[in-house]
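What follows is a set of structures to go through.
In the two complexes that follow, chain A is the common piece, with chain B as its partner first and chain C second.
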Partner chain A sequence: MKRFETWHIFLLAGLLALVVLFYKGLWGDPTALPPVIISKPAPDITAPALLEAKNISLKAHLGKVVVLNFWASWCLECKEEHRFLLAIQKRFENNPDFVMYGVNYQDQEKLAKEYLQIHGNNFEHMVDEKGKISIDYGVYGVPETFVIDRKGIIRHKQIGPVFGDVYSNIVENVIEPLLNEPA
Partner chain B sequence: MLVELGHFSVVIALVLSFAGIITPLIGLKTRNATWVVVGRRAVLSTFVLITIGMFILIYSYLVEDYSVKYIYATSNSKLPIFYKVAGLWGGHEGSLLLWAWILSLYCALATLIHWKSQPVVMPYLILIESIVLTGFLMLILFLSNPFERIFPVPLDGKDLNPLLQDPAMVVHPPLLYLGYVGLSIPFSFAMAALFSGRLGEEWLKATQRWTIFAWLCLTCGILMGGYWAYYELGWGGYWGWDPVENAAFMPWLVATAFLHSTMVQEKRKMFKVWNLFLIILAFSLSLIGTFLVRSGILSSVHSFAADPGRGVFILGFVTFMLVLSFGTLMIRAPKLRSQIKMDSMVSRESAFLFNNLFFLVALATVFVGTLYPLAMEVLEFQKVSVGAPYYNAVFMPVALGLIFLMGVGPYIPWRKSSSENLKKLFVIPMLFSLGMTGLFFVAGVRKPYALAGLAVVFFVLAAIFLDFNKLASFWAKREKSNRFQGFFSAYRNNPRRITGIIIHIGVLVMVVGIIFSSMYQTEKILIMKPGEEVNLQAFQLRMANLYGVKGVNWTGQEALFDVYKEGQIITQMHPQKRFYTVSQTPTTETAIYQTKMGHLFVTIPEVAPDGSWARVRILHNPLVLWVWYGGGIMAIGAFMNIFRRVRKNRMPVTDPAGMVPEVSANIPQPTR
Partner chain C sequence: MAQSKFFILIVFFFVMSVAMAQAMDEDLLQEKTKEVSKTLRCAVCQSESIWESNATLAIQMRDIIRERLIEGESPDEIRAYFISRYGDYIVFKPRFRGINILLWGGPFLLLAIGAFFLHRNLRKWTTQSTQTGPEHLNPIDEKQRKRIEAELRSLK
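Now for the complex of A and B:
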């Protein structure tokens, strides 16, 4: 070849860039969502309560261990875990440093209330009206459960229902040690 | 035992396809034609061997041999026979085998058809096709072997992905591959032209039918995929600008550009380098598309498993092909400078030039949109996804421009056109278009894009009609018959032109379908309980019942809707939410009611666990059928083009200089 022409250089540079891009892309996972927010400060929440006419704010509970459970009335697995959630609340409800909230996700108020009536309830719930809380917490399905420590840091995330071994683990190895940590 | 035989024949096929690389090279080096004959036998045997391998696999599907891992993963004893066979391309390994089989089929056919007429091309054709085939067979045998066994043998298969259990899906992948891979034949001819220095128009003439066949398959494959997405995925739309759809659409855009620009080279001996560039680009995009789909690096509804090992291999192979083809083009291009300059910007040549320009801009928009999310991820910016709003804003104007050119390009004269001439050709279409658009405006069509689209469509339609009329009366006068017969004489005398225009008419029909079904779609999403009613356009839907149903390999819920129009019940619709028990996958089954070329479309994407309510999505898609009718007309045009009769009084070659091979001494003469 006598010499490079401009279009040669453009073409070669373009091909090279493409190959590098593809090569790098191979090591990523296109379906991966933003990294789990474990060990990061929990995004603040101010949202209307489901059962009473009031607002719930997460900030007010700084210094306590907070459990957040995202659920919906149309979710089958939520139903499976519901009695275990009731059990968690029952186990810790006398501890003043413990609080648990349900976050009702993409649901209808009426159906959500009916659901709680049928399956029983012993803790408070808030409504994720515009889906903002779910986005802040990186929730991509229900149920998901988060445990936040006294300093307001997310320490545990459970994707899928809390029952059986998962229940024992979350109670004994996550919530109890966190309650034992000094404020 | 049989499976091992199939495996073994594919192994031999790999060895022989390697021989298909070596022998033509030796033949070219030693100028001994015997080597090329050996190469030809190698590629023919390769085809036979891969066919054996594939049919043994299909047979194993039918006899439910789940000791084969791939069959275990993509089939189940409860599947109907139809879907058992289709299981072959229901996953990664089998799809690749099908790809390789189609490639070897094309290669065998091309060597058989062109052996006598294109002796110079043969060694290069065998060489290039064998390189591609070797790459794919290596990928199949070393990294994704469909013949692999598992132990212990499972009692039953994991089932074919329920979304693929659909007639459109059975033909969609083979058609797409026929299109993708079909481009390899003109690509090989182009490479042969570059290597051999026989850079006349001959390679274009020889491959025109191959190209249009590949284009036809690609078109049908894409449309079939769109139809599948429309009712099986319950999108309610046929095109989602999904990365994998784009991967098939990009080679289509370039192949279409190529089909047009070759005409300029045939008639005016211009665009020589450009045509080589286009076909290399088209086939490269097929390979890149295969890479994008098979490596799983893009987030898509076609969620194939990602495996970096395979991805690296395919990428390496694609890179090799890119360097080989574009590199050769760069080295050889200086010899190809066209001596002919464009006479005028107002000529058919320039219309073709704009056509190509627009197609490449269209390609660039799709390309950028497809790869932008990947680039953002690799550069560690945030996660983004590029959706319809981007494409609508960027792609639509280009598409409008292309449609407009359909009304100009075929009718404006070659070389140069006077303003007199232009007036005669385009004033009537302009006026017609204005009048019709005005009529639609009065009738209530107010969206700017819809009006612009209709204006262009009517302009082209009028131009086509005028031209047909002119041709018909010309031949009627000449043969002293009526215009109707005159039109047929015109067709007989220039079938390529008429079939091309038929394809254009198909495009127009499709465009009208797209305009109305996308811009005038109406939608309602709501939660309904049995007994409740909802209105959409002129229709009234009452959910009469919601109940459980059961199929052979699924259970689900079905809603029964009574559909009323003007108080009269017109039909009942049964959308379903299914749950496939073996593969544990939920699917949404659409109910469609046809209304005068449009669809009423109902899905229930979600049903309450206790069955008391369902989330209901209702769509009205006016004229949506025109999209596929248009596709059908395009397919008919392409078919007529492929099977047109060759004119007997062929013109002698007008440019002998261009035909004389520069390295003819090197060229082996086949012995048979």
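Now for the complex of A and C:
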């Protein structure tokens, strides 16, 4: 019987690596989307406020921890997470280094205002005109939530609603540690 | 009177040429928007480019491509912008970098391995067949030799 040559071993190793790669791919989530924007500077935003006649600028909040939540009145999951967003704002509202904004996405102004009247509101919202803000943040759909650190770097992206364990994780493992970081 | 007619004619031709130039610019812009849009995946659809899709996000992305083209950005710069926001997923044609190299180079690598084996085996077979000359044949006895010679003579 012939003995193994070096190239046999390399070939087997290569084929094995391919099998492992494909096997790993089989168990991956095909709907998972790569959050490439994490650890990158948050794109600047200047957008009209939803409830007041003024512009909101993100640049003005450099040095603070910013939470951006993309939502729409037609989005069912947004309704589910809304009370958790109110809870986040309530929890940190006395911290001067914290600010939270809602970004109204692909919506009608009238319906968005009605939504906030019905479900309650304790933070400011801006209007994403022509989808520029959401595309700048690589948003696929709503709800999506971003946490930006004091240096203006995106540190967390949550695709899907913030409730239950996700809420606890964002509050305890993302926002609080970022607020505790030196300015 | 003749002078005023001449003046109207000049104004008419001027307006027409401006309108035609604008229409040509618009066609070119539309063509470029289509070219870039066709290379980008609609993030909320199934295997559709943002040119083919009517989803709001796709329409908004097309508008952004158009705006950026007007601002003078090249198609590659526009694609780079979308990749920086959505990752490689957003382009139909993966970039030649990182794990993507395996995608691009994999088929050629497998082809090279196949060619190597084919070459190796063909060489082995041809070497074996050239070695199958008269000296490698089993010796025949006297009776067989005479019979073969007789058969060859009968062929003449």
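Some notes on this structure:
Simple rule for what comes next: the second predicted complex is superposed on the first by the 148 of 183 C-alpha atoms of A that agree within 3 Å, B and C clash if a C-alpha of one lies under 4 Å from a C-alpha of the other, contacts with A are read in each partner's own complex, and residues count from 1 in each chain.
Keep in mind that, in the parts below, contacts are C-beta pairs under 8 Å (C-beta built on N, C-alpha and C of every residue); 3 or more make two chains touch, one makes a residue touch a chain.
It should be emphasised that the depicted structure is a prediction, and the values quoted were computed from it without experimental measurement.
In the superposition on chain A, A:W74 contacts chain B only, with no contact to chain C. In the overlay built on the shared chain, the residue A:L11 is in contact with chain B and with chain C. When chain B and chain C are set side by side, the one touching more residues of chain A is B.
Contact with chain C, but none with chain B, is seen for A:D136 once the two complexes are overlaid on the shared chain. When the shared chain is aligned, chain B comes close enough to touch A:L26, but chain C does not. Contacts of A:Q108 after superposition on the shared chain: chain B is touched, whereas chain C is not. On chain A, the surface touched by chain B in one complex and the surface touched by chain C in the other have residues 11, 21, 33-34 in common. Those residues of chain A that touch chain C in the complex are listed here as 11, 21, 33-34, 36-37, 40, 106, 130-132, 134-138, 140-141. Interface residues of chain C, counted against chain A in their complex, comprise 43-44, 56-57, 60-61, 63-64, 83-89, 102, 113.
Residues 288, 291, 295-300, 303, 306, 308, 311-312, 315, 319, 322-323, 326, 330-331, 334, 371, 373-375, 377-378, 382-383, 527, 606, 608-609, 613 of chain B are the ones touching chain A in the complex. Those residues of chain A lying in contact with chain B across their complex are 1-2, 8, 11-12, 15, 18-19, 21-31, 33-34, 74, 76, 79, 108, 111.
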